[in-house]
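A quick write-up on the structure given underneath.
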Amino acid sequence: MDTLKHKDLPFWESLPLTSKKHPDEQSVINVGGVQIGGPELVFIAGPCSIESIEQIRTVARAVKGHAHILRGGAFKPRTSPYSFQGLAEEGLAMLQAAAAEVGMPTVSEVVSPEDVDLVAAYVDMLQIGARNMQNYALLRKVRQCQKPMLLKRGPAATIEEWLLSAEYIMSAGNPKVVLCERGIRTFETLTRNTLDISAVPIIKHLSHLPIIIDPSHAAGRWNLVEPLALAAVAAGADGLMIEVHPHPEDALSDGPQSLLPERYCRLVESARELRLLLEGRGLHA
Amino acid sequence: MDTLKHKDLPFWESLPLTSKKHPDEQSVINVGGVQIGGPELVFIAGPCSIESIEQIRTVARAVKGHAHILRGGAFKPRTSPYSFQGLAEEGLAMLQAAAAEVGMPTVSEVVSPEDVDLVAAYVDMLQIGARNMQNYALLRKVRQCQKPMLLKRGPAATIEEWLLSAEYIMSAGNPKVVLCERGIRTFETLTRNTLDISAVPIIKHLSHLPIIIDPSHAAGRWNLVEPLALAAVAAGADGLMIEVHPHPEDALSDGPQSLLPERYCRLVESARELRLLLEGRGLHA
Amino acid sequence: MDTLKHKDLPFWESLPLTSKKHPDEQSVINVGGVQIGGPELVFIAGPCSIESIEQIRTVARAVKGHAHILRGGAFKPRTSPYSFQGLAEEGLAMLQAAAAEVGMPTVSEVVSPEDVDLVAAYVDMLQIGARNMQNYALLRKVRQCQKPMLLKRGPAATIEEWLLSAEYIMSAGNPKVVLCERGIRTFETLTRNTLDISAVPIIKHLSHLPIIIDPSHAAGRWNLVEPLALAAVAAGADGLMIEVHPHPEDALSDGPQSLLPERYCRLVESARELRLLLEGRGLHA
Amino acid sequence: MDTLKHKDLPFWESLPLTSKKHPDEQSVINVGGVQIGGPELVFIAGPCSIESIEQIRTVARAVKGHAHILRGGAFKPRTSPYSFQGLAEEGLAMLQAAAAEVGMPTVSEVVSPEDVDLVAAYVDMLQIGARNMQNYALLRKVRQCQKPMLLKRGPAATIEEWLLSAEYIMSAGNPKVVLCERGIRTFETLTRNTLDISAVPIIKHLSHLPIIIDPSHAAGRWNLVEPLALAAVAAGADGLMIEVHPHPEDALSDGPQSLLPERYCRLVESARELRLLLEGRGLHA
């Protein structure tokens, strides 16, 4: 780590809050009782978009016991204005209700400063999406909120810029930031994005913040999710966020990259065994 | 154009408002009396950040006669929370005052939905910056405003995604969109961004919207601005946006890429002669 | 796999030899008695450049029992003409001698058509380096040679182009191709290249050829090699190629990314345990 | 230039032969009597592949007076082994014959060290293609040849790496190198490659070597060639290399990006007028 820090990081001075002060420093972020960054691998699961109370309830029941946090989008940042934009507050209420029934905390994306208080009223963790990683008006607003933040890396953001966005949130008094790598944009077209698996050990070297991986958005195809999820655990990630849908072929968004619940649950079991093996060998502990 | 449209653009159907209906369609956007997209090449000049009334007044006087629109940033999206963030409303008032003295309309960036009305009260055109191109909360807000919008391309956005962002603004009733290419992110490190000069003829083939070029942000170095600006005119751009500062070495942001006023004015004269030559040959007319 | 094949791969028809005919098809390539693509994870280890008989002999003895194949470069493709270019035939003789003492087969890079016969006379597998992946004169020459080929992916090559280069070799009668992913070029600068971990499951879906990972070149830093190596195994790679040097600080090339032998051996043990766990769960078997 | 050289170029010391020693240094390379790098803009035109004596003769006659050098490929580096690979020596003889009839020098690509002497026997300048920019065996062989070299930039090569490849050729005594930018690989898919127009002024700042632009390969579409060619001239390029084919729809390679001869000739006239205007203003002179 020393070589990395001193020789290659001219930006080190600009990261007073996100950088590590000593090699063993590791923050643990509490999300409704779930510890991210601690010894247990954390799983966040749910559909891309909340579509109905039946849909989110079905997913919640199916992943219960195999996920710590329930996810679902109510405010969707869509590339086209003509795509489904989410159920807004109605969706948040559905997410809250379904999660309460199974006793799980929740995470959902916020895309506008003016929605921060609304979203914070319904969920346990707010997600800053990849396309908003450098939306500084949003970053400035969420840092006034005391909920934990899940900060996704932008598809064209360097690791330095990502940490600087975390620095925005932390510099105003909210230290509860969890980083999420979800793929960067490259010339390769067979994947939706290129999962930058190296970001995991680099963040572990540079920063005390927890890092989780979203293999679903990186891959863009359900049949790549399992190998990428296992790779993320092997590389030392603190958790995984995975899209699960009971009927991927009917999903209003991101169906091709969603797992069926039973497949998701098997993946979780494999990932947990893998984590135990690594801990037993003294790796990523 | 036909080959491009029919064979290679599966997304064509998704661009009902930004796409051309016939080859000669060209929108002209009126910004305080200045026509962007018409026969005359349009110049937008000014400092990256408004720093003081003296600074913006000095620039305004120096570029008068060599620029149509005065630019200056009051709300700055900065990668680090510890960098200068702009003078906010105070800066907008300075920009308005300096522009009024020389009789020029103005453009300034808006970064937050809640600032849209404020910025719109001071300027003639609002800029959506590169990092906010997919900030859909902001896009949805500005489309309620009837001012023209300068929509910069995101550093990792495809041309399709850029047009879809324009579609967001237009789909709610604001047709006054001007596109601005300012470089995309690549592996090359000698330039701040890689100016995608091909975007000019592609936009001219696909869309009726005007397109201007910002060579300053693309280059990141003042001594590349002139050749890139002339290249943009030769490729058919409708205008140029260039950073000008009376004392680049003291600038609070982007000094290395700012031109001194006299150098800027010589560049404008070259660009105008070049445009006349192209028109005389029936090119890009 | 079916969706991937039929909907997204217009180039499928152009890959008659490298593509899978049925989901379970998997080629196993024999390299001096070592089976790549079979049930056992294969390790290739050695220094970037062969520097002396003492150096290669020290590495060979240190990795014996923890590596199947000994690697070492004698013809080095260096970005600058003023860098160390390798020991040529003298180096190949050292590699052969050191490998013979420990009973391991060998691999070394060939960079010129005229050296193919020479390199083939000394080693068990020839490596086509990343910068030569589209050196068609070299591809045409090596396909006349009956030795197995280790084909590295070019830093800007799509997976389609990589498979087409394999098709070059196979189309003239040499079916013994092993693919090696070693990172692609992106905008991120904290790693030498961005390891495209998704290439592993994609190749497993599309092609019957074995795929190994070179985490050393991808990372460019020794302390990233272990997590990337484990990620590769978790993603389903058939093997690993890792740079090992007894004195990385004195290496004539790629010292910063080389592991000390003892660290390498511990990594191999972790990787093997991980592979056993995955097999036990019916994954990547 | 000084800021660029001293502050940002740690690699400066590694370019003793290609870098400028003083701001006005400019090499002029003589190709069969044509001066590249001098006051006159140089045009290289011809088909991607030489297909028949009739084809190359038709092109030669059509571009005579509007081109200085005739191009045509006889050894084609094709991504697929199943594509047309060129007519080899037979094609070179056709190129030589057609060029002799119109009194023009020639350029053609060499892809293998063993073909260097053969190609050099037929043409006035040898082209090193983009995919061979880091084929060091080829670079080492061509530097023994005393013919001028047209060195294309690799699609993923930094400007530094490109100059280092020129350094390879020059370091063994062949100073006759002309650089050719033809687009780099990015995430944008509407163009075959992204023309890096900034490379022109950067090379002019850093190196004394002439630089020409190939807009045909960058664009991948004939209707983008003209605006990109004019942009290149405006940015200060020393010349243009453009694909011309009498029947693009029947071309065996690169038909979609080839211009018809009459369109090419009009483009040349526009480019020449543009160059005169720039010279008259003291730009790029």
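By letter and in written order, the chains are A, B, C and D; residue numbering begins at 1 in each of them.
In this text, a contact is a pair of C-beta atoms (placed from the backbone, for glycine too) under 8 Å apart; a residue touches a chain by one contact, two chains touch by 3 or more.
No experiment lies behind these values; they were computed from the predicted model shown.
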Most distant chain from chain C, judged by the mean position of its C-alpha atoms: B
Chain pair with more C-beta contacts, A-B versus A-C: A-C
Inter-centroid spacing, chain D versus chain A (mean Cα positions, whole Å): 47
Where chain A and chain B are represented by their mean Cα positions, the distance between them in whole Å: 34
Where chain C touches two or more other chains, by residue: 156, 185-187, 189
Touching residues (chain side chain B, partner chain D) in the complex: 1, 3-4, 8, 156, 158-160, 184, 186-191, 194-198, 200-202, 204-205, 218-219, 221, 223-224, 226-228, 230-236, 256, 269-270, 273-274, 277-278, 281, 283-284
Residue ranges of chain C in contact with chain D within the complex: 14, 77-82, 111-115, 131-132, 134-138, 154-156, 161, 164, 167-168, 171-172, 185
Chain D-touching residues of chain A, taken from the complex the two chains share: 185-187, 189
